[in-house]
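The next part holds the structures, each set out as C-alpha cells.
Note that subunit A is present in both complexes that follow, paired respectively with subunit B and with subunit C.
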Partner chain A sequence: MENTNRLRKILTSKEFTLFVTLVAIVLLFGSISPNGAFLKPRNIRSILDSMTIYTLFAVGGALVIISGNIDLSPSYVGAACGVLLAKLLNDGVPWYLVVPICLLMGAAFGVLNAVLINEFKIQSFIATLTTGTFIAKGLVYLIPDGVTYQIKDPVVVWYSTGKIFGFVPITMIISIAIIVIFGIVLAKTRFGRSVYLIGGNANAARLAGLKPKKLSYIIFACSGALGALAGMLYAGRLKSGSLVGTVDYGFPAVTAVILGGVSLGGGTGNMLGCFLGLLIINGFNNGLLVMGVKPYWQDVASGVLLLVALTIDYFSTRERKIRTTLSSKGGMGQ
Partner chain B sequence: MVEHSLEFCNIVKSFPGVNALKGVSFHAEGGRVCALMGENGAGKSTLLKILSGDIRPDEGCLKINGEEQHFSSPHQSIRASVSVIYQERQLVPSLNVMENIFLEDMPAGRLGFVNVGELRRKTHEIIDLFGLPIEPTDTVGWLSVAYQQMVEIMKAYRRDSNIIAFDEPTAPLTDKEIEILFKLIRKLKEKGKVIIYVSHRMAEIFQISDDIVVLKDGSLVKTLLTENTHEGELVKAMVGRDIGDTYANLKRNDKIGDVLLEVNNLVTYDVKDVSFKLHKGEVLGFAGLIGSGRTELMRAIFGADPILSGEIKIEGRPVRFRSPSEAVENGIALCPEDRKEQGLVLKRSIFENVSIPVLKKVRKGLFLNRKTEFDLAKSAVKRYSIKTPSVEKRVMELSGGNQQKVILGRWTSEKMATKILILDEPTKGIDVGTKAEVYQMVCDFARQGIGVIFISSELTEVLNVSDVIMVMHNGRISGSVTREEATEELVLQLAMKD
Partner chain C sequence: MKEFLEKKVIRNNNFTLTLTLVVILAAFQLINRNYLSLGNIRSILNQAFVMGTLSVGIGCLLICGKADLSSGSIGMMGGLIVTFLINWGIPWPLAVVITLIAGAFMGALNAFFTNVLNIMPFIATLGVATVLSGLGQVFTNMQDIPVNNKSFWALGTTKFFNLLPLPFLITIVLLVVYGVILKRTRFGRQVYMTGGNANAARLAGINPKMISTILYINSGMIATIAGILTAARVNMGSPTAIVSYNLDAITVAVLGGISFTGGTGSMSGVFIGILLFNSFKNGLVISGLDSYYQIVASGLLLMAALILDFYREKSRLNALRSHKRVS
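The block that comes next holds the complex of A and B.
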C-alpha cells in the first residue's frame, strides 16, 4: 500500500515528467544525429560542460524564485566580477585575496537588492533589473576603463580550465557540487524550509515566527555571490576579463529554472527539477547543433520549449486549483 | 414624479456550510429610506450582493417596479438602474475623479475620442452640487477614504439610478461629511428613489431612515416603522433568539490562575489607550464591530504592528516584541482572522505548516528530522480529528474547518510551550458542527492553563464561551462584563455606543 502510493507519487511528479522529456530528447537526437554523434562521451561532456555557467545562475535564480521574488541582476554582477577579477590579478593582488573580494562584491549586490526590496519596498523585478543593467553593467566598463586585461594567474587558470584525469573539467565539478549542496540545503535544513515557507506566503510565515526580511537578505546575498562565482569561472576560462562576460546567461538560466518546475509564484520547486531543466535545454540545444541547425534557431527553440512547459504547468495547476476551491470553499461570513 | 419600488421575494441563498438567507421577503418603497439592520452574519451583505448582481440567489427573485428581475451579472443590475455602494470601494484608484464617475459612459467627441471638456464640466456640476473641495482631475487613489466614498456616491448619482443601496457608508466619514451625505440622501429621497441603508450605528438609523428591516441569521425577524420604535425594541429584535445546548454542555475551566498578560495604556495607530488583564486558564472574549480595533490590538501585542506607547507585561515581566518571532519565543501564539492569507502557507503540506514555529527544535544536527515533524503533525491530526489521508497533503486541499485545526495544531504541538493563545475569529466561515468543536477546544486550552483571547463578531459565541468579555469600540475598550452578567443587549450597546 505504502509502496504503491510512493510509486504513484513519483510517477505523477513534475520531476518524472521532466525525466521522461529528457529521455525522449536523448533518444531522438541519439537516433537521428549523424553516426550517433550526440551520444559520444565527448559530446555528453560537452553538454555538461556548457551547463557549468548556467547551473550557477540557475541555482541562485531558483533560490530567489522559490522565496517568492525574482533576481535579474546576477548575470550582470557576474560580468562585473569577471572584469574585477582580471583587473585585480593584473594589479598584482594575489588570487587568494581576489577571489573572496569578488565573491563579496557579488554578495554586496545581493544585499543592495534586498535593501531596495525590503526597506524601500521596490518590486524585486524593477530593483534587480536596475542594479543589474545599470550599476553592475556600468561597472563592467568602469572597472577596466577600456582595457581588456589578460588573466595569467596560474591558480585561476588551473581551476577554470583544468581537467581531472584529463577529462572532467574542474568547473563542472564545482557547479555540480554547488547544485547538490544547495539541493540538500533546500530540502533538508531549516533555512531551506524557510525559503519555501516565505515564498509560499511571507505574511503567514512571519506570523508563525519566521523572519522573512532577514531571510531575504541571505537569499539575495547567495544569489549575488553565485553570480560572482559564475562570472569568475567564465573570465578564467576565457583567460581575460570580457566586456560582455556572462550578460547573456541570465535569462536562459531562469528559463531552465522555470522549465524545471520552479513556479514564478514562489513556494514550490527543487534543485533536482532545475538540474533536469538545465539538462533538457542544453541537451536540446546541443542536439540542434550536432544536427547542424543554425545557432540562432537554438534561441527560438528554447523559447518554444519554455512556452510548452509553461502551458503544461498552467493547465496542471489550474485543474488542481479548481478542485481545491470546490472542496475547501468556506461560507461567506455575512 | 415616478414612484419606484423594490421588492425582495422569498430570497434563499446558501453557501457550503452556511445558510446565508432563508427566504427573505420585504418591500421598499420609493421616496423612503429603508434601513437594513442585523448583527454581523445576519445576511445583510449577501442581500446587497444579490441586489447588485454579484451573486445569484438559489431561490426567489427581485421585483423592480413590479417587474421580476434575475440578475446574473453586476452589469445587468446597473442596467436595471441599481447602484450598490459597498464598504470596499469599487473605484479605479489610478484614474481621476471624472474618469471614475463616468467610467462606463464617457461623453464621446469627434472621432470617438473622449470629450474631456464636457467630462470636466459635467463632473464639476456634480461636485458643486455636493459642495466638495475636490477637483475633477484629482487622482482617486490619492484622495482620503472619505472622499473616495463620496466619489462612489457621486457615481451612483450620475447614473441617476432609481435604486441606491449603501453598505455602511458612514464608517470612514467624519460628522461633517455625514451631514453632507444625509443631505444628499434626502435629496435622492425627494426624487422618489428607493434607498436601502445598511448601518450599525443606532443614532444614524433613527436620523435618516423611515422603515427598518431587521435580519437575524438569514431570516427577516421584524419590519418596523422608524417613528414608532425605539432603540431598545430594535436591539431586542436584532438579538432575540434561542441559544442551543452547545454552550451548556461545554466543559469549562473553573480554576483561573494568576495574571499572565497585562496591557497598560497601549496606543498604536489604530488602538487608543487600551488596558486589560488576562489570567492563566481564562478565556477572555473580545466583542465589538468589525473595525473596532480588536485585530489591530492583538497584532500590536504580538509584535506584528508597531506600538506607539504603553506597557505590556507577561507574568509581571515587561516585554515589547519587535517581531512576531520574538512573541512566539515567549509563548504567545496568534491565529489570524484571515487564515488563508495570514495563517497558512496553502501551497505547502500539513506537516510543514505545523512545524513552522518549532523548526529549531525538530532538527537532528544540521538537518530537519522529517520523522519528528511527521509525528508532530500526526498527533495534531489525531488530536483535532483533522480529515486528511496524510500529513503530506497540501493545506489548500483541506476544508475551512480543517485548515483552522491545522493552525491550532501548530500552536499546541508537543514542541510548543504556548502560554497565551490569541484566536481571531476562529469560527469564521466554519460550519456549525465544527464551531461546537472549536468552542470545546477553546475551553480545553483554558483547562490546560493557557490564557486564551477569543475575538469574535458573533455575539452569542463570544458571550457564551468567554469568562470575561471586553467590548471594543473605535479603538478603545468601551466596557467589560463577566459571562454571568453579560446580555447581548448590554454588549451590543457598548459596541455601538456613539
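The block that comes next holds the complex of A and C.
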C-alpha cells in the first residue's frame, strides 16, 4: 500500500512528466538526426556545456520566482560584470580581488532591485527590467568605454576554459555544484522553507514570524551575484569582455525555470525540475542545430516552448486546485 | 495655500509634467542654441511617433490593469507584412487594411493567453513577442526589405507647415480619439473601472475579460499602425525595427501618469510624457553626450517615473483615507 502510493506520487509528479518529455526529445532527435549525431558523447557534452551559463541564471531566477517575484536583470548584470572583469584584469588588478568585486557588483544590483520592489512597491517585472535593460546595459558600454578588452589572466582563463581529465569542463562542474547546493538549501534548510512560504503567501509568512522584506533582499542579492558569476564565466570562456555578453541568456533561462515546474505565482517548484527544464530546452535547441535548422528558428522555438510551458502550468495548477477543493469538500462531508 | 499646492502640483500630474517639460526645454536650449530650431523640433517629432503610437494601445491596457510587452514585435511584424504585401503588387491601401487585420489577430493571441489561460500578462506577452520577433528574423533572414512604392512612401514622409510630420499627426489623432473614448464614453469608464478593481467591475455587470480582450486586439492594431508608418518612413521593412520601442512606450505611459496598478491616467498625460521623453533624449544627443549615457539616462528617467508613481499612488490613497474619515 505504502509502495503503490509512493509510486503513484512519482508517476503524477511534474518531474516525471518532464522526464518523459526529455526522453521523448532524446528519442526523437536520436533517431532522426543524421548518423545518430545527437547521441554521440561529444554532442551530449556540448549540450551540457551549453547549459552552464543558463543554469546559473536559472538557479537565481527560480529562487526569485519561488519567492513570488521575478528578476529579469541578471543577464544584463552578467554582461556588465563580464566587461568589468576584463577591464579590471586589464588594469592589472589581481584576479582574487577582481572576482569578489564583480560578485559584489552583481549583489549590489540585486539590492537595488529589492529596494525598488520593497521600498517603492514597483512591480518586480518592470523594476528589474529597468535596472537590467537600462542601467546594467548602459554600464556594459560605459565601464570599458566601448572597448573589448582581452582576458589574459592565467587563473581566470584556467577555471573558465580548463577541463578535468581533458573532457569535463570546470565551468560545467561549477554550475552543477551551484544548482545542487541551491537545491539542497531550498529543500532542506530553514531559509529554503521560508522562501517557499513567502512565495506562497507573504502575509501568512509575516504572521508566522518571518521577515519577507529581509528575505527578499537576500534572494535578490543571490540572484544578482549568480548573474555576475555567469557573466564572469562567459567572459572567461571567450577570453574577452564581450559587449553583448550574456544579454540573450536571461529569457531562455526563465523559460527553462517555468518549464521546469516553478509556478509564476510563487511558492512551488524545485531545482530538479529546473534542471530537467534546462535539459529539455538545450536538448531541443541542440537537436534543431544538429538537424541543420536555421538558427533564427531557435528564437521562435524558445518562445513557443515558453507558451507551451505556461499552458501546461495553467492546466496542472487548475487540476491541483480542483483536487484540493474536492478533497476539502469531501472532508466537510465526513 | 498648502492644500492648493498639493492639489495643483502633486496630484495634478499634467501640471508637474508640463513644468518639467518647460525646464528641460529651457535647459537644453541654454546648452545648445539649435535645440529649439525648426529642424530639430521636426526631428524630435519624427522620432517620437513610433513610441507615441505604441503608447496609445499600451496606455489603454495599463489603465485596464494589463500589460503588453509584445506591441513592439507586433509593430515590427506589421512593417514586414505591409512590405511583403506591397511588393507582391497589392495596392497599398488594401495592404494597410490587411496588415491592420493581421495586427488584430496578433493582439487576439495575447488576449487568448492572458484571458483564456489566465497567464500573467507580462510573461504571456513576452512569450508572444519572442515568437513574433523570431518569425520576423526567419521570414527575412535578418535582411531589411525595401518597399517599391512611391505613394506608400508619402505616407511616412509628408509633413505639414514644414514642421509637423504626417506620422506624428496620426499619433496626435489617435491620442485625441482614445482620450475622448476613455473619458467620454461608457466603454472608457468601464476600462477605468476594470483597472481600478476588476472584482467590483464584475459585480457591477462589466465583463473584465471582454474589456481586456478588446483592448489587446486594439493594441495589436495600433502597433501595426506604428509598423506601417515606420516602414513608410524609412521605405523598408526591417526585422529589428520598433521592437525596442516597446519599453520606451511603457516609460512614456508611466511618465504620463498611468499607474501600473491600473485605473488611473489619461491620454493628455501620455502626450506630455511623449514630448518630455523625446525632448530629453534628443537633448542628450544634441548636447554631445555619449550615446551610452543615453541608455542609462533613459533608465533613470523611467525609474524616476516609477518612484513618482509610487508617491502619487500613496498620496491618492491617503486622500481617499482622510476623505473616508471625514465622512
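The rule we apply is simple: the second predicted complex is superposed on the first by the 321 of 334 C-alpha atoms of A that agree within 3 Å, B and C clash if a C-alpha of one lies under 4 Å from a C-alpha of the other, contacts with A are read in each partner's own complex, and residues count from 1 in each chain.
Keep in mind that, in the parts below, a contact is a pair of C-beta atoms (placed from the backbone, for glycine too) under 8 Å apart; a residue touches a chain by one contact, two chains touch by 3 or more.
Remember, predicted model here, so these are calculated numbers, not experimental data.
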item: First (subunit B), second (subunit C), both or neither touched by A:34; value: neither
item: Which superposed partner A:166 touches (first subunit B, second subunit C, both, neither); value: neither
item: Touching partner for A:139 - first (subunit B), second (subunit C), both, neither; value: second
item: First (subunit B), second (subunit C), both or neither touched by A:154; value: neither
item: Which of subunit B and subunit C A:131 touches, first, second, both or neither; value: second
item: Touch count on subunit A, higher of subunit B and subunit C; value: C
item: Subunit A positions touched by subunit B in one structure and by subunit C in the second; value: none
item: Subunit A-facing residues of subunit B, complex; value: 15-18, 20, 40-46, 302, 304, 323-325, 327-329, 334, 336, 341-348, 352-353, 356-357, 359-360, 363, 366-368, 396-401, 403, 410, 428-431
item: Residues of subunit C that touch subunit A when the two form their complex; value: 67, 113, 117-120, 122-124, 126-135, 137-138, 141-142, 247, 250, 260, 290, 292-293, 295-296, 298-300, 302-303, 306-307, 309-310, 313
item: Footprint of subunit C on subunit A - complex, ascending; value: 70, 116, 120-123, 125-127, 129-131, 133-135, 137-139, 141-142, 146, 251, 258, 264, 294, 296-304, 306-307, 310-311, 313-314
item: List of subunit A residues in touch with subunit B within their complex; value: 188-190, 193-194, 196-197, 200-201, 203-211, 265, 267-268, 323-324, 327-334
